[in-house]
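For reference, the structures are reproduced in the following blocks.
There are two complexes below, and they share subunit A, which is joined by subunit B in the first and by subunit C in the second.
Take a look at the complex of A and B:
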């Protein structure tokens, strides 16, 4: 059982980090970024190229993944989402735009990096062994880094000037504007930060799970599930959603294995029941 | 009086007339070269893109090579090969649309689809429009009578699994076996076939229900309970090349020390990048894959593929065959060029040298034992072991 719990915590830390960027963008701009998974994949491929192919230090590769995606995110916000939000009153417009960006990124990534699954050398070798728990050191490192990054992100949002401005923006866009917050600037920073998080997670996890061009869609779906569990647009909710999903997966795959692959079936049923009782998720607020 | 303008007109008319005459004289020579369109309907995008992409790239590489040599002579005509592709995105509905597109273009021979449901979905279109297709899917109903238009493009797992398990039982002392498969039709049907083969050999099946979502990225939770059962052999049923290194790595890191095998073709680079030395000893099935058995033609094919696309894909060791089978069968019976019934007649007696292996394993249609009729291409069943970034041949078998 200890192994199941450790697996769940480790998966949860991964998932929470994936969901953070998605929920941040939603909170700031009310945009469901369907391209979040593709941004994760792009980040993974940047790390693969720099660390796996060019043999440069992993930390440098991770920084480059973050910066690349921050630029991509800022570009998307300024030149794509901002004009659409300004001209269209309908939420579907941004959703369609996000879906189009997802398809575009999918195609570009396939062209640039090919169809094969890619992997990089392990960042640390060896396995932690005890009587009840087996966990490779690189997974422990990635899990710890993920938790540190989540904590840093929460502190940044809580105490930095930029973080406060973005929180104000998330709470009430008009009020924040009236209080002197530069809405356009902080929207762009927020989108860049969300995309950067996706890129960094992709870069971080390429050392464990590798990366391939077609996984963006499934990653996005999982991220949406976590956000729905925790509550859309709430940072704490995304973290909680990530850990809950990770734990449910780990427990389900162990307890329900004799019945075939019904773990996700059970998770989806639980999610439907949960949302019918609590449509805003654990920590979400009613729309509008 | 002849003005300057009139002179120019006369010169221009003369030049055009001379060009027309020259073209007319050359026309019979051009008329000899026709176009032979071969279709591909399969998955070249999304998580399973590797399956179809290796198909398409193999076909394009081989077609370019043949065209460079002046095309292929079928009967009295010489044909340039054109490969027409359609990405079905692993969606049966799109596969149907793809097959209909092929029919509209007058294409009689199509490679693909890559998965069971796609292959089953296109069957009515292929049969009603008179198209022979080469799926990489295993359901026997596609190849057994009354079906007659599908030709299996590879060795099925129910043909290779008994051979592999028998070899491992006798040579490596395997007694306990566990299966894990993605929760999709192909891997699940392959798992069921594998379980039946293992039981028939008297092996103890300790895990037969464990499955995973095909988009799983970390397999530690999936494999934790299986590893605890300590099987001698862990079979990754129908595993996609992208998932194989992740599964191997997770199993090894959880302390699993037994054998791991798959009945699907894999790629050495993907295994090396994704699992490194942890993939050593991994057993899988490929075609003409290892240097020990492949011919110079296969070496050149690999070089051309690599030059054209930047990187070779070991799955193409099997997928290189389909186009050659179509062309060689048409050469054997030119009347089949636009008549698939003629093609079917030729399949029963067809045989041609295999350009991709050093000796033996001629091109011929097989499948009588499995399907009751010859509806499968014969490719060498090369069972390989992964070692330090390369596949090494364990044994070579064949299907009848």
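Take a look at the complex of A and C:
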């Protein structure tokens, strides 16, 4: 029982970080970033290259994963989304663009890193053992880092001037403009921040589960599920969605194991029933 | 009394439909100027043109001796023009405090921002009582006070107000009108006030323009317009 909870928390923290990035981009720009999973994969391969191949410190690799994706995110916003949003009022345009970026990143990642699953040396050896819990130390470290990052993100959004401006922009674009918020600049910052979160989680998880070029799509789908559970564009919703999905997966993998690989089937069914009752998710309101 | 804001022959279009077809208005330093007129006349469009929310087709807008008709909203706020938009538009999920701090977004001196905050809270004591409450949960009148306070947090020289009395309880309309007068006289902020409540607007302004179908139909001294038979028929009929 305790084991299931701890696994769920560890997984949920990673998921919540992914969902936070996705929901931030959605709240600020009304863009569904279908390439979010690919950004995660790219982050994983950056850490793989710097820490796994070049044998440089893991912390440095993780920072590089974040920075690389921040640059990729800023670039996507400035040169791809911004011109499309300026010319087209239809939401489908940005969706198609995001899907195209996803395919492009998939192709680039495949070209650069091949199709093999890649892993890196453990960041810490050893396993924590108690009467009820077995948890490798590296998972504990990765989980704690993720939770600290979630807390930092929430505090940053709540108390920094930039965070306040991003919340204002999400709640009322016109009013935010009238306060002097430069919409283009803050959309770029928000996109960079969202992509950075995806990249950092990729860098964290490559040390546990490894990384391969094909998992971008499935990660995006999980991210969308979390955001739908919590309610799109809401910080608390993304965090809740992340932990709920993490917990469901953890429970499913334990309880449903004897029935075969049906955890995600059950999760999808639950999600469909849930969304038919609460189409806006748990906290379906714009930003919180 | 120097000229602060001057629109000359401003034309503004939404796609291919005009909203303003040659509007010229002036606001002098220290004045309260009212824009009255029916729904759809183009009053909000005039304010949108001034703040840079909407680009103009032709004409010119000058503020403090500079041309501002190509500048975006974020530049214009920094030049000293704050706008209270129609329909209040608080940041609904943010606290009163955070809403007010957003008003000071363009400013950096923390001590001075704190000072402005105290001034705004002194002007609107109700906001002090609601300080940590989410703005979206307040009454319409309180939200109106909040957005006026928020605009003042930018320390403007010119305050644009778009229908501050709309949908507000009659008792509070008086309070809001009094605040606008105080802001103009005590804080030395020039005011351009858009109102459908023409009587209130003409009472608290020195000059006024009546806007009809994208043009200035009438203009002059507010006290005289209050007595003008055309104004009475068109804009004051039925109102108390």
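Odds and ends about this structure:
Here is the rule we go by: the second predicted complex is superposed on the first by the 285 of 288 C-alpha atoms of A that agree within 3 Å, B and C clash if a C-alpha of one lies under 4 Å from a C-alpha of the other, contacts with A are read in each partner's own complex, and residues count from 1 in each chain.
Keep this in mind: contacts are C-beta pairs under 8 Å (C-beta built on N, C-alpha and C of every residue); 3 or more make two chains touch, one makes a residue touch a chain.
In this text the structure is predicted, and so the values were computed from the model without any measurement.
In the superposed model, A:115 lies in contact with subunit B only, and not with subunit C. In the overlay built on the shared chain, the residue A:182 is in contact with subunit C alone; subunit B does not reach it.
Residue contacts after overlaying the shared chain place A:168 against subunit C, while subunit B stays out of touching range. Partner contacting the larger number of subunit A residues, of subunit B and subunit C: B. Legend: residue contacts after superposition of the two complexes on their common chain; A:236 is shown touching neither subunit B nor subunit C. When the two complexes are overlaid on their common chain A, residue A:279 makes contact with neither subunit B nor subunit C.
Touch criterion met: A:52 reaches subunit B, while subunit C stays clear of it. Of all residues in subunit A, only 3-4, 7-8, 10-11, 14, 52, 106-107, 110, 114-122, 127, 129, 134, 136, 139, 205, 208-210, 212-215, 217-219, 249-250, 253-254, 257-261, 264 touch subunit B in the complex they form. Against subunit A, in their complex, subunit B makes its touches with residues 44-50, 53, 183, 209-213, 215, 217-218, 220-222, 224-225, 241-243, 245-246, 253-255, 267, 269-270, 273-276, 310-311, 313. The touching residues of subunit A, counted against subunit C in their complex, run 161, 164-165, 167-168, 171-172, 174-182, 285-288.
Touching subunit A in their complex are the following residues of subunit C: 51, 53, 72-74, 77-78, 82-83, 85, 89-94, 98, 101-103, 105-106, 150-151, 154.
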